[in-house]
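A, B, C and D are the chain letters, set down in written order, and residue numbers restart from 1 in every chain.
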């Protein structure tokens, strides 16, 4: 069993930390607001006063934060993770952030003799609870093999994708499809509903067809009633769409469905729905077609 | 066991007829070109000289043809199915055609005392081979229950969706998502590939994420090499997109991702790829981003 | 001066008939509702009891009606224009209708020894009032030259475009740009407005830039206040977009901005704005961005 | 007559500097490559060794450079314009850059007691040659009035739009329409061409319709043959589209036609056409529809 650190204990990060604890690893954690970590602390996690302290106490230190800026906030400066790394340690970033930033960070980690991997996951809260996350990993293959036993505690499927930045690139390439699939699903549901099929029946039948990806399967029913708290809100989803669109411009890849869908995420924000789960795209489209929203 | 008829013995129709034979039903079949039906005839299917004769010999007669015009061609006229129907018989159309036409046809079938169901399937050749088709059924619920045992020989999942036209509407609502999901997947693969990840690796990893619908799972690998024969070609896919877009206009439902994707299907035709499987959308996008196509 | 007939005396058709009268031609007119024609009758126009009678009394008979179906309604049957044509007469259709229908109609007109031209105009009520219409003409060049003096009474700019159907094709190719330009203009105005520039100022300044087409110049100000009656409503505009999209599919031309804009016209209908001038696209976009509409 | 400075003597900046000289102003200029300025120097312009020196010698100093970064490069540092400003002087930026940067720059200019205006122009080389530029101005109204006589030497139409950043915002709101109008025009031309109308005829007739904005009028003919040197290339046009899209996200304004068109600019880059005039969008669309490009 390993000495493991986890920085960023939100819904996903916290859930992963719990899986690591449950697997028998010693976990030291840090979060911007300590109170959110209380259940984990009750379950045996130790507290680190700064990201640096977490890194100092761990062989492997993970981060899972909101965006590129938040990654910088926990890695840089005197209290940051980089200040706590040392030769032999591995820093694993599970955030969805800019691949360019990931590569730059990996170079700085290498300067202190440590190693870095980018290791985002595919899935949502429910996937995590079901123990079905898949972990995509970018970085040196030897380092990957060294950390693999710990990563397997997070998700049953662990893929080595390529060098640093490769995994976060694939994560972006996957996430753009989340929003597009959700909007296309909404188009289908509204067509069915306005032709007289009850919305719940349309959802049920569509989830029995070959378009029912795991994401559509767990998020599609949200068009019948939104969750109390967003699993992944419009702002977060749009952040990832913009990462995709920026990458597309950088690499000269036109992204027609991504661009189209992204403008409807902007509409969601315009309509005051920025904090809703991004499945609220259904409601944007419903408003455009004169259909009242799900209550 | 029932006396069953099957008109339209292409890849899907023929495969379904085989399942009906395998389940022990007596099957009479008809196809525009008889030679395609030879393996079924060798397997015990009887031949009807016209769609009308198939209907005359059957309690339940199925059709699975290309489009609305082809449905009319096998139902109308002196040799058509309507001429062979009689009270107590059930006509089941499995084609993806215009819901308005389906409803009109159901009314004409009712005039001769027979019943009609629309019963398209979700899935492709591979889904059929795996015995995982789902069948969506529109029409009277009593008639549905009467025919259910036969439908269950086609697919394990059989849904009653609503009145006549409802199932074909849901099929259209599902099919629009096929093309959109495929284009979004292509966007993701190209982003990954142009950032340095081998295409095959990108496909493998993306198929491990929550966007991997059954359709993406079986069709996604086509971006690594197209099948010898299209499973569902660009022309057929666009026919369904246009059914969706027409329905959208009729019902005032904006379909942003459908419309965007449909124009790239048009581009596929412009580039001479009309007969290719619609996963060729990848190649259209690749051409737009200056990437050579898969050989 | 010529004996001229005019069928379809709406805002545009009526305005053109008036110009023909003012130029000294003898005009016989017909309209579905006679009362709308009263001012023209007061101004010297004669009334024909049927489209056929109008054709019988005229050397050149014009039509300007809503769509392809309306063209058929005034040309076909015992009271239709075709029944009143004879060798030497010219039938000039100014409607925006399907080019295929135009060509089929031209062939039927030729069968009775008469000639047909398609001659749609570019411009709106205001262009007509300013005497700045341009007339695009499809058909035989000799026939064109024969009719030219009369056409020059309609618009100062008269172009011979090509054979039958060519002019209506160009009209469609022009009209798709109307809606796209209006939506792009709306995007610009909303960007300016939400960044703090008063809407009226944004419109004024944008109309001073190189994007100010004649159409944007007269229709752009509608975002500050809609006209009492639509100059060209959402339904009519969408009819032309669909003619363009159908032509695009027939000819394998992808139409990305047309398709995108057309879905927002559908949204306009979904929001109950079908009868508004299509500049109401601004209001659709404003609703999507959380901005209240112009009063 | 005023002491005027001009930094950035490219095609547009150089042309404006010439107009200022012709109007009788004393002009000091600077450009990254001096040789490009030779004709102006021959015409009486004085040379400043650095942007700072230009500012020191002038009452009003203009800049017209490529993008936000280039603005920073000529304003910042020991040789930058800010170092040469002093109370009473006015700095006028004519570049299309980020409105946020413009406002930040205006604040820094105010700190040294000088004033700043943003004053982009609408139009292209040809508009400049015809003396038909329009100048949009953001900043304090008194300062605007002080500088007005000099601005009127640049363009006959000069608008005060609002506070700092307002003019560059309108410029972005106008420029997004350039690319969209060009793509919509290309859609129209290709429809006409593939239906059998010669491309040159289609262009001629479309330029006689109400969609012919000044920009479409001078750039539309490029689909018949590209200029030797781009008037405004794909990279520059996309830079402005991205400014628009970023502003859209910041202000919650969905930009459907902008987003759609921007992806085709990316395709242009993917196809190796980044340095071509952005009217090359026609060629991208032509390739998608299987039509060979103009030679």
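Everything that follows uses one rule, which is that a residue touches a chain if its C-beta (ideal position, glycine included) is under 8 Å from a C-beta of that chain, and two chains touch if they have at least 3 such contacts.
Values in this document were obtained by computation on a predicted structure and should not be read as measured data.
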- [ ] Average the CA atoms of each chain to get its centre, and name the chain whose centre is farthest from that of chain C.
- [x] A
Open item on the list: So using the touch definition from the top, which pair is joined by more C-beta contacts, C-D or B-C?
Closed with: C-D
- [ ] Could you grab the centroid distance between chain A and chain C? Build each centroid from C-alpha atoms only and quote it in angstrom.
- [x] 52
Open item on the list: Need the CA-centroid distance for the pair chain B / chain C, whole Å please.
Closed with: 40
Task: CA centroid of chain C to CA centroid of chain D, Å - done: 35
- [ ] Spell out, as numbers or ranges, the residues of chain A touching 2 or more other chains.
- [x] 248, 252-256, 260, 264, 266-267, 270, 288-290
Task: Residue ranges of chain B touching chain A (in the complex, touch as defined) - done: 99, 122-124, 127, 134, 136, 157, 159, 161-163, 165-166, 169-170, 172-174, 176-178, 180-181, 183-185, 187-192, 194-198, 201-202, 204-206, 208-216, 244, 247-248, 251-258, 260-261, 264, 285, 288-290
Task: Footprint of chain D on chain A - complex, ascending - done: 238, 242, 248-249, 252-256, 259-260, 262-264, 266-267, 269-270
Task: Touch list for chain C against partner chain A, complex - done: 256, 260, 266-267, 270-272, 284, 287-291
